[in-house]
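Following this line, the structures themselves.
Here chain A shows up in two complexes: once beside chain B, once beside chain C.
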Partner chain A sequence: MNLFSVALKNLARKKVRTALTVGGVAIAIAVLVSLWGFDTGYQRSLNNDIDKMGYQVLVTAKGCPYEAATLMLQGGGGLRYMNEDVYKRISGDARIDKITPQLVATAYDPGKQSGRGGISLYMGIADSYLTLKPWSKFKSGKWFSDENALEAIMGYEVAEYEQRSVGDKILIPGRNEILTVVGIFERNGTQDDGIVFLPLKVAQKIFEVPDKLTGIGIKLKDMAQLSKFEEDLYNEPGIQIISLAQVKGTILNLVSSAKAMTNSVALIAVIIAVIGVVNTILMSVFERTSEIGVMKAIGASRLDIFRIIWVETTFICVFGGVLGNIMALLGGKTIEYILKSVLPYAPKGHLVVITPHILTLSFFGAVIMGLVAGLYPAFRASSMKPIEAIRKGE
Partner chain B sequence: MKNTIIKAAELTKVYIRGTEEVYAVNGINLDITDGDFIALMGPSGSGKTTLLDLIGCLDSISSGSLEVFGKDVSRVKESKLVGLRRGHIGFIFQDFLLIPSLTAIENVELSLYFARKPQDRKKLVQLFEKVGLGHRINHLPKEMSGGERQRVAIARALAVSPKFLIADEPTGNLDTKSSQEIFDIFKNINKSEGLTIILATHNPKLGSQADHIIYLKDGKVVSKEESSLY
Partner chain C sequence: MENKSQISTILIATLILCFVCSVSFAAIGCELNDPDRDIQKIFPQSTGYKTDYFTIQEKGGEKLKKEVEEKLGDAFDPIYESLDVPYSYYTILKGKDVIGYVHGVNQKGTYGTLQIILATDPDGKIMGFYYQKVSSPEALKFRDKAFTDKFIGLTLEDFYKYGDPNGKIAAIKDPSQKSQEDFKATIRGTKKNLILLDTFLLNKKHEGSYKGVRNDEYK
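Up next, the complex of A and B:
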């Protein structure tokens, strides 16, 4: 016999009550883990999205920067047009390492999403596109044969979804042009997976926006020159410059206000759980008044009693912590699904990433929660005087 | 010549109830020598339990003096009394007061744990046989009769090899037959091992079997006639 077995047997005595309390702790920990997991996962996916763009600066037509930021991540620029000669003018700048023009277009496809309809994304690109994304690989096929060829390269997911392979003919809904699929990219975990790429000139013709672009992606030789570069481009009419660092900040800002709210929800969950634990343990301490009295009579010290109660509380929180972690791991997918539908911008990839680090942290969080929650009940129990406790119980 | 292990002089315990002072133990002089078997008797409220609590170092004394194993208890702080009790004094209560979540043997092991003494299962099994419970050591208190529970409580008290036993109406919740059985256990231990036992009882038939009877009334020791009891 030792303190641990006494504590465990006490908890086992009132199974329903113990289970409910453990459940309360588990829910609080699950909420906490999910939120931390979301924090980690979201940042990670966002970084991935942004890094995989290959450029640090995007030049677009003037418009709402938030809208532009979002649309850009979904495919490279707001659907406002600028003239192609902007591209010609700035491409000679010596500070530029790589530069590529883009034209994003959309088409409503009534057959999408099992007949419910949806937007298909298209992007006109030039040969320089690949120099900015050297990691792009073909799963099958190859690059366009000519800049005027009626050809298409599909992102991994659209190809998968529409069951296309190289050589297939595709029709852009609403535009009576038939394109031949010449290549399919490998999956790279960004929005590119969902885009159909066309030669820039072909896109301009099909979507009837000759000599127009939606964006220009630029990689500078030296990022330190960014602000000077931006300043110089102020004189160009009708355009704005968005740096990806800025975009990231904007998106994280949007998310952080939501995060502040969810964090307070998590905090409330933890506080409620702690109150629940304190309440349960206090109740069981008072129920066991005469038992505690007799333990003291037969030689238990204050510290012995304190430790029994403390261990009980900590056990509850440790069980709750483990259970909460398991719940978070199992429930992560569901939470991800919900988050994807409510977030202003949801990057590709996993939004909730529960790392071993998070699990360890939350586990120790639960232990600390137990240690703190146990202090008061343990103090109350250890302060009982033996005869009073015995007589009160009679 | 046997040792005096408990020596009380003008021992007094006053409880404050509202504005009233209750002299639960009122100037008692008492010598208990090693190996004594003493029955405390007296009407309800006469101070038996209070006196046992004081002798058992469970409570602080109000005035007078009390020496237990030659130590002046009145000088010991209440929080330090546990050091005097632990492993030296065995307690048995009217309503057994076992830990309900622990089996018979676990209850006994726990007292050894608190007394910081080794938990030797073999010795414990022998002890259970001595109190007539050899076959029920793995049962929970709720699965046992009152008499059996009290045997567990006696085993719990004896396990730590105390210097004396304090039993407050140990047969108060038992029928006549089990009462005598339990009392016989006390008698046996006292005779065979010379363990000092101080026991409070309302039962004159049992009390008369002790070596000495101390009659209490209103917190004072009185003669048998004065006790106006029997």
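Up next, the complex of A and C:
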């Protein structure tokens, strides 16, 4: 009988206890794998979201972020405006590859949420918008017929939600303006899917902000010029420059803080699992004191005993690791659903991406966990003196 | 100072991004916004509810669609009333007894989706009617209790007799001045709602009344 079958046989003696210990390890590993999967998935989705915004720099009006956020969340306009002249001045810069003006506007829709009201989002855009987003394709219809036309292009999801097709009307609540839908974008997995787009001039007129913008999206010819470009624009009065790389960094920093906490919890879970494993194996060693004594008396070396106990511990952790990986793979969707409902900002796409790399890493992590957890019980077992062990066992 | 300004700038962008992304929309099925709260409001005596999801696809496919269209007297929108649209049904319980159903449908209106929610007794008689969502310049008139209460007590049979000038539906007047299409859409949505309820949950209890009305028409 070889070492592995002896170890397996020993574990099978107390099936419930072994199963519970394996379960504890599995849960700890599943939490760990899910967290790593979240880390990978969130970064990937966020990169995708930001890349699909189409620009690297966003110019907005200066203002207090807290005030703006509060007003926006309360349903007011809340957005800061800058003069369209800024766009005209900036657009002449030779370093710019593509540039587009935007006017984001919100309207309070009393018909939403069973008559309790909610916010609808609109964006005034110019012809240049599509040059920054070449992946935006029309599912049906086409671009606005004129910059002053009372027309709208709808994102895929908002069109689906409002059951609009090309030629249908939409109402801008609160403004009582009726627009004709001329186009519907294909789903592109970004925030554009939920937005109603209007010609910029029409949006300025309807929302009573003539010659005003909320943002200017810019893509540079050479990204290496970004710092100098930002520096130059800081001299423009009343505006602020947002590099989307910084936005990405800020969001990731915010998530990192939360991640540090959850990682700590996962680490505690792993430590508890290790303690559980040590405890189980120690109990098993104490229960088998006389047996170990007999084994030594008939010729088993210290190393033999050490290896048997060590392999038992490693088996528990390996089984737990495999089970934990399976649990994480099966529960990934559920975790993603919970995260999306809890996180203040969840990018589109899969938030939990469990890669083969993560699975391999967690598996070997479990093996190492087993090897470490087994050291002390194996040492205790191998240190027993045969006569004393047999006597104690009696 | 510059750092502080940069942090503010980044925060603004982050908040805008959060806001923009939170205003995305969900699937095209019509579910209650807050089932626990809404059901308690409609059926205060209820002790619980269970939710079922059905699609025409799984309950009979193209054949069932044709049957529903025939009863409805109108074809389904090929894009927004496709076979795989999920319909959610809330079966309202008091202890172990079923005391009613709540079901909503999305109906295409003139300016956007109308979400029509019906509460019925176990036989399919309307006990409550309201719009979860309505986009119309005259939305308030449609939401007016004086109008919505007119649907209470109606059954699918009344809707099958829609064309009857002396029928109960004919007695319901359009509350709007400029949104006649939305009124018609409301009647269509309510009738569709009741037909689907009858098909999915009531084991076609009202089939006889449909055949009766149709035979009358052929006489």
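Assume the second predicted complex is superposed on the first by the 366 of 394 C-alpha atoms of A that agree within 3 Å, B and C clash if a C-alpha of one lies under 4 Å from a C-alpha of the other, contacts with A are read in each partner's own complex, and residues count from 1 in each chain.
Keep in mind that, in the parts below, contacts are C-beta pairs under 8 Å (C-beta built on N, C-alpha and C of every residue); 3 or more make two chains touch, one makes a residue touch a chain.
Because the structure is predicted, anything quoted here is derived from the model rather than measured.
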Exercise for the section: Please work out whether A:A224 is in contact with chain B alone, chain C alone, both, or neither, and reply first, second, both or neither. Expected result: neither
Practice task
Mind working out whether A:V6 is in touch with chain B, chain C, both or neither, as first, second, both or neither?
Solution key: first
Practice task
Check the residue A:P386 against both partner chains and state whether it touches chain B (first), chain C (second), both, or neither.
Solution key: first
Practice task
Tell me which partner A:G299 touches in the superposition: chain B (first), chain C (second), both or neither.
Solution key: first
Problem - chain B versus chain C as contact partner of A:A94, first or second or both or neither - result: neither
Exercise for the section: Using the superposition on chain A described above, determine whether A:V16 touches chain B (first), chain C (second), both, or neither. Expected result: neither
Exercise for the section: Please name the chain, chain B or chain C, that touches the greater number of residues in chain A. Expected result: C
Exercise for the section: Tell me which partner A:E291 touches in the superposition: chain B (first), chain C (second), both or neither. Expected result: first
Problem - Footprint overlap on chain A, comparing chain B with chain C - result: none
Problem - chain C to chain A touching residues, read off their complex - result: 5-6, 8-26, 28, 33, 38, 77, 79-80, 106, 108-113, 130-137, 139-140, 143
Handout entry: Touch list for chain B against partner chain A, complex
Key = 53, 56, 58-59, 78-79, 82, 85-87, 90-91, 93, 95, 97, 99-102, 106, 109-115, 119, 156-157, 160
Practice task
Under the touch definition given earlier, write down the residues of chain A that touch chain C in their complex.
Solution key: 49, 58, 60, 63-66, 68-69, 72-73, 104, 109-115, 119-121, 157-158, 160-165, 169-171, 173, 176, 178, 191, 193-195, 240-242, 244, 246-247, 249-251, 254, 344-348
Problem - Residues on chain A engaged by chain B in the complex (per definition of touch) - result: 1-3, 5-6, 9-10, 12-13, 290-291, 293-302, 304, 385-387, 390, 393-394
